[in-house]
Amino acid sequence: MNNRLMFLRNGKVITGLVILAFFTVLALLGPWIAPYDPNQVSDALLSPPSAAHWLGTDHTGRDILSQIVVGTRGVLVVGLVAGVSATVVGVLVGVTAGFVGGVGDESLSALSNMFLVIPQLPLIILIAAQLPSAGGLTVALVIGATGWAWGARVLRAQTLSLRKRDFVEAARANGERTWRLVLAEVLPNLTAVIASGFVGTVLFAVLSQVTLSFIGITPVSEWNWGTILFWAQNNLALQRGAWWWFVPAGACIALLGMALTLVNFGIDEIVNPRLRSTGLHARSLRRRGIRPRVGFTPVVREVRT
Amino acid sequence: MRFVLRRVVFYALTAWAAITINFFIPRMLPGDPVTALMGRMQGRIDSQAEQSLRVLFGLDQDLGLWEQYVEYWRMLLRGDLGLSFTHFPTPVADIVNQSLPWTVGLVGVATVIAFVIGTLAGSILGWRRGTWADGLLPLATFFQAVPYFWLGLITIAVLSVNLGWFPSSGSYDRGLVPAFTGEFIGSVIYYGFLPALTVVVSSVAGWVLGMRNMMVTVSSEDYVTVAHAKGLPERQVMLGYAARNAVLPQVSSFALSLGFVVGGTLIMEMVFSYQGIGYTLYQAVSTHDYPLMQGCFLVITLAVLVANMVADLAYALLDPRTRTEDR
Amino acid sequence: MSTSSPVLAARGLTKHFRAGHFRAGGRRVNGRPPARAIHAVDGVDLELHRGQVLAVVGESGSGKSTVARLLAQLIPFTGGQVLLDGVDARVRGRRAFRAYAQRVQMIFQDPFASLNPVHPVRYTLTRALRLHRRHPTGGTLRGAELEAALTELLERVHLTPAERYVDSYPHELSGGQRQRIAIARALAADPEVLLADEPVSMLDVSIRLGILNLLADLRDRLGIAILYITHDIASARYFADRTTVLYAGQVMETGDSESVTQEPLHPYTRLLVASAPDPDDLAGAGAAAVRDQGTGGEPPSLVDPPPGCRFAPRCPYARDLCRSETPALIEVAPGRSAACWGYSDRDDRPDVGVPTGSATSAGEAAA
Amino acid sequence: SGGGGGGTTEAGGGETLTVGMPNGVQTENHSPFATGSSALSLGYAFTIYEPLMMRNQARPSEEPAPWLADSVEWNEDYTEAVITPREGVTWSDGEEFTADDVAFSIQLRKDFEALNTGALPYDTVETDGTAVTVTFTAGQFVNQSKLYDLVMVPEHIWADVEDPTTDTNPDPVGTGPYTLESWTPQAATVVARTDYWGGEPAVPEIRYSSYNDNNALTTALTTGEAQWGWTFIADFENVYIAQDPEHYNQYAAGGLGIDVLYLNNETKPFDDKAFRQALNMVIDRQELVDVATSGVNPALTSVTGLPLPAGEEFVTAEHAGHEYEVDVEGARALLEDAGYTWEGEKLVDPDGEEVTFELVNPAGWNDYLTALDLIKNSAAELGATATVNPVNQDGWFADIIPGGDFQATLHWTDGGATPWDMYSDIMDGAHYVKAGEPATWNFGRFRHDDATAALADYAAASDEAARTEALATIQDVFVEEVPGIAIWTRPATAQYSTQNYVGWPSEEDPYNQPQPTGVQAAQILMNLEPADG
Amino acid sequence: MNPTETSTQTSTPSSAAAQPDPVLEIRNLSVDYGFGDDPTHVLREVSLTLNRGEVLGLAGESGCGKSTLAYAATRLLPPPGLITGGEVWLTGRDGKRADLLSLSDAELRAARWRDIAIVFQGAMSSLNPVYRVEKQLIDGILAHRPRMRRAEATERAAELLRLVGISADRLRSYPHQLSGGMRQRVMIAMALALEPQVLIMDEPTTALDVVMQRQILEQVMELRERLGFSVVLITHDVSLLVEVADRIAVMYAGEIVETAVARDVYAKPRHPYSAGLLGSFPPLHGPRRELTGIPGAPPDLSKRPPGCPFAPRCAHVMDVCRTELPLLGPTAQDEPGRQVACHLHSQELVGGELPDLVAR
């Protein structure tokens, strides 16, 4: 079905995907394509961007571009691991709760409500601070372990409504086993919700990780964009006017987040039939001067071809 | 009534779980307050002081975990949160009292402002989908993902250090003593402006995006078309019909975020040296100040619970469908 | 009425849904009866015979779908019995349920909702075939046999050429086509009983007809017993051998379709028949009849069903007796019965007017 | 009171002096005893409460100056001190300061273990009305300064305090030059007393502002919002001084405390003296301070590990003038003699194993980690492979350091008035416990009987000669055995602005260390004068 | 205008339909779905006239574009609908005629509800769930009569509810507290609030059972007698239409294929599709008859073959049907008030034998 690839025609999605692809390449090839070893000190202390150091250097003369390039992996891995683990837990809990109902549902939703209510960042700080060596992966898992609740709640609600849908009932009447009902009938219909939950968690995880690194809760010797900012801040980058040390890493984070949101937008516009057509044809609409709006159908007297 | 009972049971359960987590997590941390304190002082206090500190904090006797837990509950039920270690011997309750109003005041106001602005802007953006308004989306998504501290520090560097328009830290002029005077209140507002601004800027985009999406969905509901068909003025259709319904899901996230106001603003407090409970918690964590940690965490959790309760209520107020149980 | 014994029968079938805000329909066994219940189905008796169609008519919310679901054992019943070939067929456990499903299949009310939008036709039907058909040599169907079975199935519901439909997604099909896929899925199990819940309500008349013809053909060729649920009385007359009228979860009247539609006994059936649009009756006799019956108003609350006859509050003939005691089904003529005090021999019975020639038309049923 | 961020206004004629501390929000507690009370944390306790004697912490060997005590006389073996209080001192509530107050203040420490932060072994405290005699259960030669630093509290107030360990002292009364004016969680303000025994201070009002972290404080210092404070400012020349070169100053007063690379003497490769010596020889201490501390910390030059000039007079004749030198060749030769070989570039020990070790320190300890990195490079010159492993700070404190669960790690030593603290912290066998059990000092598990005995002798000796001899032994062992590697001086650093006031401690006038939080604060404040007039 | 005045007009006979006095004239309306380069042309030059006081039934199978027509005529079609041509002339109460498709937003808003009101297919979702019925009734009134006082508007709202047989205390209810039938009636009451000239009802009863359906339709017909508005009633239930409509228009695949007086359509359908439609539903009374149905499937609107869209399913198909699109026009016999789009009835075939299209 060509619908599957339809979202590739959406401008927002393309922008988002291109940015994501760019960062993914950095994450994969970072250490090889970085111009320098990010730890390698040089004589060019705190020098502004130049031909040799495109994004300048830090207080010990390390190349900032290389730090960003090498640090990309840490950020993406955390985002991905946290996103995947939170999504998996969220799906497990949410779908199970929604599907089994009864006491199981009660207890599972009580559990997820609890996790929802317990403030996450403080909890992460508490947990991360206690782990002997809270590396990126640990942080990701902690975020995953604490960040699934919202997704689970949404999924549960969705599953609850899907479970009562006729097609699930019909499959059951046909004699399908329960696990098949869940996996083959319910889950595929939750793709959009799961995807947006995933994107949301990834964004949250990245921001949390960066923040934790920044405040020094997690090891600052692992390169990621947060640790760059940590060093910058601890060495007074802004006070010293070293904007090149501070601005790019933050901008990368925002850019990554933006890309994720754009892709999510795109997914929404594709999955939600109400948004689909407009989303897909925004350009053509602009060209033809049509502004689709509810309540006042556009009238265009074009020559029909 | 079943409904109310369920909620009550849920809140009680959650509170219990939070308080218990709250009790155990600090105790699972390696190290103890004394070594942490010694570490923090990095040699500035005599190494011999360790034992005296242990005696002081009452850490010299070994109670079983269970006894501690029971004791903890006993104290809690009497409203006693214990004494802070780092601010020994100030009662935790006093510290919380001292910092909570600032956080709630500043961030609460900022969150409300962000919510109002974001929701309004989101309504308009959603309503005007497919026009120039869509051009604002990438900007919104960018700001949604900006790390708060980054924004805050840049703001400080530009607006207060370079331009000198605003103070870079503190919650009011350090020369003033809190009092209900025009001068003091003015100072609070002046000092709070920048932190509030950054909170608003970094969180407004989320509201915009959420509201916009809901608006788009709701605008195609039949009742909106009916409103158009009735020939109602556009404003009324947009606000009374579309936005009024689209705002419902926003309200529950808003309540949740109000709950997180208390705990989620640590970074703001760090960046702006603002006195508040988030930073207090952070300090407590880094100094292993269990009682303070527990106190802050408890307050934060309770705040979220209360916000949730308010959300339940607000939702019931705004959405008549949830109000009646039968039919 | 029949000489053969029924394939599937319900005796005193009862379903009470838990009322309230949370999780209506969920089962909660906590020892005592739930505080409030929706009496969706109350003591319904039905019989399905091989090669016959039984129509169930009644207004919205009268419990038609619930009866079908109960018969398919998709929801547990509160009381009564379901007999398959005369044996109590209440299933316990999933294995038993699958065995039951093999013999009793259901077609859901809404063709737009009962097919999973994410699966193509092939998936839906393949699953059904794999679940219920065995390879001649044992094991599940696969490969060429599966393909052949698929094609045969689609052809049986007149979706030809099969390859044009087999890879489509539900949204690419028209309502009628979807409905036929749903039927094909039910047929994949080679069931003995087909429970068709308003299989045509969403469709326009021409497609509707196609599906009814298809079902009639299955009944005739394969001898399947069919439960046909509808509110369209005219189609019940056209298609069903017997008709049962349901009101507020109870059987009001039952008999052969022709006479139930032509000479309704129960005041509710009369209202139903009179309300149905009838282009041949342009003088508006039907409308006039409804006005005469003065039965505006709404069906009773199923949470607190009124005592006595459930139709009494709307019934123009109702007497005190009707409001206080629930009438049982009374055999009025051979093969015809109505749950109305009007046909009892009680002294305080209401006068519902005796329909003309009620006894004569009873014999046509088997036609 | 009033006053803007710039400290431009004043209360009684002079400018308000703003002191900044990076200690976060405070809670109201003016106790001079409770660690973490706002009074101690911000430092205003030391403008209210004063010590017995004023030591010059920048020059520990100087005789202490009389302060609240006219004199403190010790007996021969330092088990008894006779304190003569100054006359004419009044508490800020007008009461007279007497010997009873001194006795009471000391008795408090004896009675409440929690207040005895110096862990002095008090025996008896007696007063005859004019002088106070304190006896100890052991000789206190090395702990003299702890007695001098005790701040005095008024008996007429504290005698009624139920539990001095938890009392928040809401209305502080002291002998110091200032009294508390107002307190908020962000700032405490003290104002000058007119009846201070030392005369009226030049600074009429001091505001102690609390900032949440070093950054905020740095910003405040660079913008002039705060004029006195201490924090680590990376690249302070550019970030701080350059903002106002005329007025902004940073002064680092070296005491006797240093930072040491603790070596685990019980595991490879540091169980071998030769390797310890070799590593000690290749570390470039000047580079370390330049790169890792922006040149803030003075480099160590004397091979005895004693910071100069503070430790000048403690360097024994034998080692006087001997300076650390980077000598890679010598180190390699030394290793070769000890049976080490090289496989390609890799150093192999006599057992045939490659020499590798791990350097740990808490993540985020910027200067330490940078130093470790440089040490790693130095080790590489010997052919040894070192790795730097930043660990969780809490774990480091709780397990790694006390349990000796490391191969090499940077840690500080105490300062004190004699080198005893420093050496004892590094190499005192009296602190020895088995690996895995928590040690208070001697984290490297160094054992050398001569040194242990000499350290004990030094503390207990009753005459100078005995002490000199003991110290010579200690230094010999330190230099010869290399129980740990002394890295750099650990100075007391502060930033201050001379815009409004002059007379601060400085390189030229090192009358004390320059930090606002410490008993020296009163001395500094009394030394300040208005800048232009 | 107040209701007492209108009640004096109730004498307006429904036979007014006889003298054509068009209130709503749809001319060559074309509608596309989809903003892309390959839109679905759902309506192709549809023309339809509604006369004063008449009930015009619009029939056709599902998906043929009935709702689309109703929404497009009022410019309420949601995205991705697009009106690509045509005119919709509405005669206002003041007698002025205006093309709804070229009005400005403000003018259109003013005309809506006052002159033309519409009851949607899903009454369940047509009411704003968060407002009480009262508010929703009133705000429409106040939007057009800004000078009316609130109390007066409330009074009017209560009156409207009573008009559709709901007691006035239901004003304080929220939509979810009403049953489906009541909601539908509230919608009708709302539509009648300003006594519009034209009332469009899109399948107002499909979701309801026959008893309820009859109750509601009778109420509407009764109100029409009293208030004298015109109705466009959309449904695929032909038997219902035959019963209540004055005139019927039959749609097939986005085109009107036949319009005629209701009885004529039922008795003598001219278009083969109309005939098939009428031959597909079983009669409730009278002899059981063989039902023919219509073979084949409805066409895919996005891929239209040339020629008559019904050609592939038509029993009477001719060669010309496959190549040439028949246009709506008078029948060969020139029956009054009747138009058909079928080559069988076009002028050229005059004299040829007309096949018997009555399949019953």
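A few remarks follow.
Going by the order they are written in, the chains are A, B, C, D and E; count residues from 1 in each one.
Keep in mind that, in the parts below, a residue touches a chain if its C-beta (ideal position, glycine included) is under 8 Å from a C-beta of that chain, and two chains touch if they have at least 3 such contacts.
From a predicted model like this one, the values you see are computed outputs, not experimental measurements.
Shared contact partners of chain A and chain D, listed by label: B.
The minimum number of touch steps linking chain D to chain E comes to 2. Looking at A-E alongside B-D, one finds more C-beta pairs in contact between the chains of B-D. With centres defined as mean CA coordinates, chain B is found 22 Å away from chain A. Rounded to whole angstrom, the centroid-to-centroid distance between chain B and chain E, based on C-alpha atoms, equals 55 Å.
Between chain C and chain D the centroid-to-centroid distance comes to 91 Å (mean Cα coordinates, whole Å).
Averaged C-alpha coordinates give centres for chain C and chain E that are 32 Å from one another.
The residues of chain E that reach two or more other chains are 76, 78-79, 105, 108, listed in rising order. Residues of chain D found to touch two or more other chains are 219, 392, 394-395, 399.
Looking at chain B, residues 29-30, 156, 161, 220, 225, 227-229, 270 sit in touch with two or more other chains. Those residues of chain A lying in contact with chain D across their complex are 39, 41, 46, 59-60, 129-134, 216, 218-221, 230-231, 233-236, 239-240. Listed in rising order, the residues of chain D touching chain B in the complex are 1-5, 9, 16, 18, 24-29, 34-38, 113-119, 146, 165-168, 182, 184-187, 189, 207, 209-213, 216, 219-220, 223, 225, 257, 392-399, 402, 412-415, 425, 440-441, 490. Taken in their complex, chain D has these residues touching chain A: 214-215, 218-219, 222, 233-235, 238-239, 291, 363-364, 366, 369-370, 373, 388, 390-392, 394-395, 399.
Interface residues of chain E, counted against chain B in their complex, comprise 74, 76, 78-79, 105, 108-114, 117-118, 120, 122, 125-132, 139-140, 143-144, 174, 176-177, 187, 190. Considering their complex, residues 1, 101-102, 164-178, 184-185, 188-189 of chain A touch chain C.
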